[in-house]
Amino acid sequence: MDYTIGTVAPILLFPLAAFVINAFIGRKLPRQGDWVSIIGILLSFGWSARIFNDFVFGHYSSDYYVHKVFTWIDLSYGDFPFQIDLGIYIDNMTAMMLLMVSGVAALIHIFSSFYMKGDPRYGRFFTYLSLFTTGMLGLVLSENLLSVFIFWELMGFCSYSLIGFYYEKEEAGNASMKAFMTTRVGDVCFLLAILGIWSVVGSVSFVDIYNHLASGAFEGQVAILGIPLASFCAFMIFAGTIGKSAQFPLQVWLPDAMMGPTPCSALIHAATMVAAGVYLSLRMYPLMEAGHLTTFIAYIGAITAFGAATIALIQTDIKAVLAYSTISQLGYMVLGIGVGSYNAAFMHLITHAVFKACLFLSAGSVIHSLHDHHTHGHVQEMPRMGGLRKKMPYTFLAMACCTLAISGVPFFSGFVSKDRILGDALYWGITGHHAHWYQAIPPILGFAAAFLTAFYMCRMMFLTFFGEPRDKELYEHCHKEKLSLNRNIPLLLLAVFTLGVWYSGSLTGQGKVKVAGDRYEWFSTLIEKPNTSNFREYTKEPFGLKDTRGTVHFEKSHYDPSHGLSEEEAHHVHTAHNIGAGLSILVAFLGIFIAFLMYIRKSMDPGFWVRTFHRWNKALKEKYYFDHLYIDVLIQKVLLTVNRLLAAFDMGVYDRFAIDGMASVNRWLYKAANFFDNFIVDNSVDLTGVSVKFLNVASRTVQSGKVQFYFMVLILAVSFYILKISF
Amino acid sequence: MENLLSCILWLPVVGIVAVLCTPKGKDNAVRWISLAVTTITFVLTLVLYCNFDTSMSEMQFAIKVPWIKAFHIFYSLGVDGISLPMIILTSLLFAICIMSSWTITKSVKGYFALLLMLESSVFGVFMSLDFFLFYVYWEIMLLPMFFLIAVWGGENREYAAIKFFLYTFFGSILMLVGMVALYYVTGQSSSSFDILALQGGNFTNEMVSIFGYDFHFNKLFFWFMFIGFAIKVPVFPFHTWLPHAHVQAPTAVSVILAGVLLKMGTYGFLRISFPIFPEASVHYSTAIAVLGVVNVIYGAMCAMAQTDVKKLIAYSSVSHMGFVMLGLAAMTVQGMNGAVLQMFNHGTSTAMMFLLVGILYERSHHRWIIRPDGTKGFGGLFTQLPNYSIIFIIGMFASLGLPGLSGFISEALIFLGIYERFTTITVIAVFGLLLGAAYLLWMFKRMFFGEVIEECKSYTDVNAREIFYMLPLCIAVVVFGVYPTPILDIMRASVGELVTLLSRF
Amino acid sequence: MFHKVLIILSSALTVASAIGVLVTKDIVRACIFLFFSLFGVAGIYASLGADFVAVTQIMVYVGGVVILMLFAVMLTGGPGKESAGSKGYLLIPMMGNKITFGFGIFSGLVLLLTMAKITKSVIASVTISEVEGFASTVERIGSLLVSEHVLAFEISSILLLGALVGAAMIARPRKNV
Amino acid sequence: MLKLLSNMSFYVPELVCILTMCTLLFMEAFYGDKSKGRTFVYITAMIGLAIAFAVLACSVGNKPQPIFYNALIIDSFSTVMKMIMVLGTLGVFYLCSQSTDIYEDLKTEFLVMTIGVLIGGMLLSSANNLLTVYLGIETLSILSYVLAAFKKRDGRSSEAGLKYVLYGGITAGVMLYGISHIYGILGTIQFSEIPGLIKALDSQQTLLLLPAFVLFFVGIGYKIACVPFHMWSPDVYEGSPVPVTTFFSIVPKLAGMAVLIRVTLVFFNHDGVLQTAWVGLMQVLAALTMFVGNITAINQKSVKRMLAFSSIAHAGFMMCGILVLNATGIRAILFYGATYLFMTLLAFYVTSFIIDKYGTDDHERFTGLISKHPLVAISMSVALFSLAGLPPFSGFIAKFNILSALIESEKYSLALIAVLNSVISLYYYLRLVKTMCVNEADSSEPIEGLGFVNQAVIVGLGIPVILLGVFWEKLMLVADGAKIFIQ
Amino acid sequence: MFGLAWYLGIGFVLFCTGITVMIARKSIVAILIGIELILNGAAINFVAYSKFVTQDLDGHIFPLFIIIVAAAEAAVGLAIVIRFYQIRETIHIDEATQLQS
């Protein structure tokens, strides 16, 4: 297949065109132009599928990639070369991301046409969706960090706009600003990483970076304060990930982002944008390694995974539970990166995107049906739900699949990916040869989080769909779900892809229960850590209307069960994986079981635990006080105080005294002259009436009007000078 | 073609005469005449653009006529890649400002005549190749500004106008000393005010004695010029005139002030300071960078504490001009190009912001985000003024450097340019972007989100005239955000030449 | 001998009268002292051989200016007016008050020092050539005035004319009204 | 005798003036008490001065010619200086004819006195020996005393005259004392001999000359009102009628400048300790003059007084041109004088009409002038901006010239002080501009004095202020050609 | 004994006395008298120098003109004093302070 503007750019251009059309004339189109966006994304999906097809079914090689550039900005002059290229870099990861993003986005578009129906800004919602999709697809296709950054920010803007979609609500404004600003902290760091890398590499193309990493160009370079440049850049890029993927300590924005419409939560804050952070870290994995950052990453991931899971335990808002579970799952991915589980981290990204999108859509479906006639709003509170299984069977079905997937039940995708991460973490942190004592905590936290995940997800399911309806009136008003194209089909389609079999030939994902040959371990085969030395010699190809490439041959890859390790090493790894698999199955079922006991059998009282750990509970309710710390303390108390002080200083002190002070110096001189007049001239020339005169002549200067004083000045001045030159 | 520049320069003067000759009471005629003049000027600058040879770094359309032979002063005009974007920006903004000033009713004739005079003098600054001429235009510009602020401004306008005038005059008078010193230092035989002839700095070893202290000619007069230009930029600590002037000035004047006049300062660096004092410039680039970063952070932090929209945007200008200073301090092609591009882009985006604030002010007659008593000044504008809000979003995000809109590219280029030279400073400056987003979004949130407050319910959305004059800016912001090459191409050669010159020191 | 007596007498008269001007109570007396002082100066001129100048001094100065002064004193309220100033604080007669007097003396002393400095060094540095007195300067001055200093002569006439008109204009009562 | 007559041919302008003066005296006598219809007097006076001006203009560029046994020297410098002074006097004549600040029946006397002062000034500008300098200064002074006290009914005017007399008296005395020593040390009063004699002096005598010269300088310094001899001037300027103030701030000042230039060049034109000391002193004085003038002007309520202080500051500026002791400086001063003339005349014209209307010249009286008389207000603004030294007005070019003279001789410190003063001065000029153009008037009642003709005159004065700021090459060449001649 | 120094000394004393009178006396007429003393001090110097140093008659011409000018000045000055007196009814110098900042 050719990789030209004609075959690649449409992926971006279709949604972009849909955005432009909707932005300008959307309101005048029938159905407010939703079909434009949907057609745009479907076409984009088609083009993505072609690429996916070419990569997975055509080349089937882990080394195969396409890299094409064109010059965007060229400032070269004389001896100073400088140009910024844009272009595409497509490898297996890109191809999969493309398919996932466009597929999920397409389904969400379709679902939106159900969910947003009747909204006064129905058309505008689709406009944003199209723009967002453009951004995400562009990010995936980008060949360099700068364009990643550009699309990254573009998504940030869409996220901002969509969170603030219901702008009549004050909280929407707060949430959108919070989201934008928090991620912006990461973005700024990301920009710094770009600058740092550019200073060594002279570009920020992935390929160039790999190349320079392989040649050791980063070694010995120092950024600031003696920090090695590689570490600096790696950290800064990871800071970008922290911001965008809502990792500890910048996770605060994601729960608030649920202010946006549910489909947008599904697309942006579950499936794609937040995953973009992880995607970026994966892309820059060699840099992370070179910067010795992996342990740090693992810790961040583990802390996030565990911490968010704990907060999710007590949430009652169905979307909040999902939001925290998203953070938690993203933590898993980051943990995966940290422990070197490259492949599994990416797989989790994909599987999570699918099941989390599905979960959100399902939640959306539930929320949409529950209409409160008193407040004229949708109901998101789980305590008012219950027993909805009968009212909406399709939604229930989809959501159940996803819950099983996320809980890590075997045969579902979540198990496949998460389990590998946990296995790798176990090996990396505890059982492996290189495991240090300080590496033991992340795997433990990971398993704990797996337990909690299973528990709270099932809690959510049980509270929503099982038991008796707790708000009868609400329940009565809820219509029975009928199978409809734009409501249930996306859900069910996504639910189908929560099955593990799509991603791994073995049902558990551990290569144990194989149902097909190695060929079906395609995911593991095709996604490998970038081998930087492969990029030592490469040539940029122009990205144009014609493909000038010669025929490129790559050897088809084969599944390597030992992951390229030595026999003994591989054995250890497998052992760790087996233990991990066992453990994670155990904790998953344990979690489900406890949830069952608590919410179906009601044999355990959740309130008991709440009372027992009331302090803990309070901390959870306050989300570990992060919002308080950031908003009340850091921003309100510190930053704004400093700002006010500065502003007050600027106008009140600096301007008034230093600048306008020039005038007051004059005034002061004037007063000094007055003083001179009062005390010297007046007291001396006529002593009497001092007290009266003192007030009278307050406004006089040296120009007292007294001629004899003038004489004296004259005489003394002349004498002074003559005496000065004479002596 | 030789006289094209003169045409552009003097056309507004013809406009002034026409405006002053209109009979009393025909205010609309005055408006239309001004609009016609500025529009024709804009078209002429586009002609200039079309005929500009982007591969040349030399001055083009140059014209040199003796003015004062006794002092070797010439009426010498020309444009290169650095000045052309500024000229285009100027003519565009003035045409827009005339349209935005349609609602001015207080002594219309005087207002438009002064605006046209301002336009002519700004052109003069950007076109002059003779230092003396440059200086004359630089100063002439103060007069219309003074009156425009002092007569048509807000309640505290006189203070602001006098402050602006004195501040700038102080700076330029130092520049005058430097200028004359340059004339004499080059040696009697080759004495000249020709900016191009002075380039290269051949007076390294001269010493100057002031109040008994000896200074290097080079360095001393670099600082003299620096202060002159820095006040205009304005660089911290010379910035305090700006909030006053901006807040008090009428909308159109704020637009010109922020959009064009601030650029004259940085243009001065590019045209005068750097080419004439290359050695000192390189020597003191760290200082420039530090001042730049202080500008960025200080401006942003001050902006964050403001409760007056216009003041907030005024401080944001301080912050954004700090980026330009950083780009200048970089002295690399990307940094310098970024700086010039940022000058242009800031011109468009900040002009948008000021125009938008002006539009709002015409409806509300106040500018409080939060009033002194703590209540909201605006609320729910998103609901009340949907079209206005969209334009506002574009302007705001262009201003905070969202990729895809113009501000980003220039800032990115600046950062790419400066990182290699001043890493620590860059790290600090990049966080200025964060602050920049913070205050704008904060303002946006306060004003646009939430329920429509009672007072805002009477506001009407932007009308056709307002949309019409906002449109070119929106287009510029978006187009140059995606595809900046048309502008970068113009400036590349000239900036490259300057960098080449600087790299020799 | 006569020469020396002339010098001593006129010098003493000049200096003593000048000091008299400074310290006398009465403004009329001050005028009289001035008269004597100027007369003494004329004597000094004579002793220096400047006969024409001496005569002019007596005629114009002593005869004209002092009379003018006396007229002025009379016209402005006569003697004693100074002491009857509205201030009423005259501690030392005719001298304003202590402070002004003190300052006047101080200024005088500073000036004294300064001028003494000049005078001393002038005397030290100029080459003094002892000469016999001029026989008569009248003729030569006369010819100088119409040749070398003709311009000054002419200008002084303008000056006098102007002063005349001006003084008359100011001093005379208003023409109309 | 023949020689004297031939000398007369170079002395025509002065003679014309003298003739005019005498004619006016006669005419006044014929007019008697008829207070109306003095048009003819003005016409005569103006024609006289115009002739003088024409004669001067024709003789610009002639070879330097010492006349009257070296008592005077007619060189281009003095001729140009005289032209400026004559023009200034002409301007004052017109102002006098319009002003009510001078009693109608004394206007002829005013003209006579003015011409007398002018003659003194002309004499000074080409004085070539100490006696002429002395007589010139005295002519200038004594007639000025009369002028200052011209408003006979007004105590302030009398007081101004009184102060002027007393201050003038003491300075004349001090100056004479100085001259006497100079005469004693050098043995001559002829300028043409002095440079040679000074070169021959031994070091001790050289040191002696300086104090004597300082005493001499007091007389000149008081005429140009430089610090610390300036103290009379605000009082006198304020007390005098407006036309007189106008006149004082132009003619005596420029005459003093002219003589100061010549004297400085005569005494200090060759390098040495004398020159260093003198230039050092002059620098301090110039800087002080500018500072004191400008700073004191800031808080003045009375516009006339403000202009008086500002004229002190301008004198300081001109002194900067002297102390560089070269042709550039002299050129700069001539240029400065010529432009200063128009700006000052314009500013005082407007002030005069305001005073005539309201009786005071308080700042507030200018409020909203732009709405009453836009052209006048604009012209006044132009004059004020020009005085502050803003391009494109001629005041800027004048300051630019001074500045370039300073910088050419590497007096950077003084250059810096000069420009800083320019900023300070802008502050108070700007305040007045603000009052006129920005503040709203309480009433739109027009000022009667400002009829069409007077407005036209004011605008006409504004035109050279602008034109000389743009097309200053011609004037520059004239000033450049006006070389001072010292043997 | 009666050389140049003697005469310069007398001129010097007159000059200083004149200055002191001008500063210390409060009557305007007295101040005018002070001026005359100063002028005479200077004039003595001229004549003395003329005799002892320069030996030309410039030193005699100068005093002549000084005398003339002094007369003119006195005339004008006294006229103004009288005018001042007519208006203010005093010739006390400290009354002349209407003009001041």
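Note that the chains take the letters A, B, C, D and E in the order they are written out, and that residue 1 is the start of every chain.
Going forward, a contact is a pair of C-beta atoms (placed from the backbone, for glycine too) under 8 Å apart; a residue touches a chain by one contact, two chains touch by 3 or more.
Keep in mind that what you see is a predicted model, and the values were worked out from it rather than measured.
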Count of contact steps on the shortest path from chain A to chain C: 1
Intersection of the contact lists for chain A and chain B: D
Most central chain, judged by mean C-alpha position against the global CA mean: B
Pair sharing more residue contacts (C-beta pairs) when A-D is set against C-D: C-D
Most remote chain, CA-based centroid, reference being chain A: C
Interchain centroid distance [CA atoms averaged], chain C/chain E, Å: 5
Averaged-CA centre spacing for the pair chain E and chain D, given as whole angstrom: 26
Cα-centroid distance, chain B relative to chain D, in whole angstrom: 43
Distance from the mean Cα position of chain E to that of chain B, given in whole angstrom: 65
Junction residues of chain D, two or more chains touched: 131, 135, 138, 142, 145-146, 149, 152-153, 161-163, 166, 170, 174, 177, 181, 184, 207, 211, 234-235, 296, 299, 427
Residues within chain E bordering two or more other chains: 15, 18-19, 22-24, 31-32, 34, 43, 48-49, 53, 61, 65, 69, 72-73, 76, 80-81, 83, 93-94, 96, 98-101
Residues within chain C bordering two or more other chains: 87, 96, 100, 103, 107, 111, 114-115, 117-118, 121-122, 126, 149, 152, 156, 159, 162-163, 166-167, 170
Touching pairs - complete list by chain label: A-B, A-C, A-D, A-E, B-D, C-D, C-E, D-E
Interface residues, chain A side, partner chain E - complex: 685-686, 699-701, 703-708, 711-712, 715
Residues of chain C that touch chain E when the two form their complex: 4, 7, 11, 14-15, 18-19, 21-22, 27, 30-31, 34, 37-38, 41, 44-45, 47-50, 52-53, 56-57, 60-61, 64-65, 68-69, 71-73, 75-77, 81-82, 85-87, 94-96, 100-101, 103-105, 107-108, 111-112, 115-116, 119, 122-123, 126-131, 133, 137, 140-141, 144-145, 149, 152, 156, 159-160, 162-164, 166-168, 170-171
Chain A partner contacts - residues on chain B that touch it in the complex: 163, 167, 237, 240-241, 243, 298, 301-302, 304-306, 315, 332-334, 337, 380, 382-383, 393, 397, 402-404, 408-409, 412-413, 415-416, 419-420, 423-424, 426-427, 430-431, 433-434, 437-438, 441-442, 444-445, 448-451, 484-485, 488, 492-493, 495-497, 499-500, 503
Chain B residues within the chain D interface of the complex: 67-71, 135-136, 139-140, 142-143, 146-147, 150-151, 157-158, 161-162, 165-166, 169-170, 173-174, 176-177, 180-181, 183-184, 208-212
Chain C residues touching chain A - in the complex, by the definition given at the top: 87, 89, 96-100, 102-103, 107, 110-111, 113-114, 117-118, 121
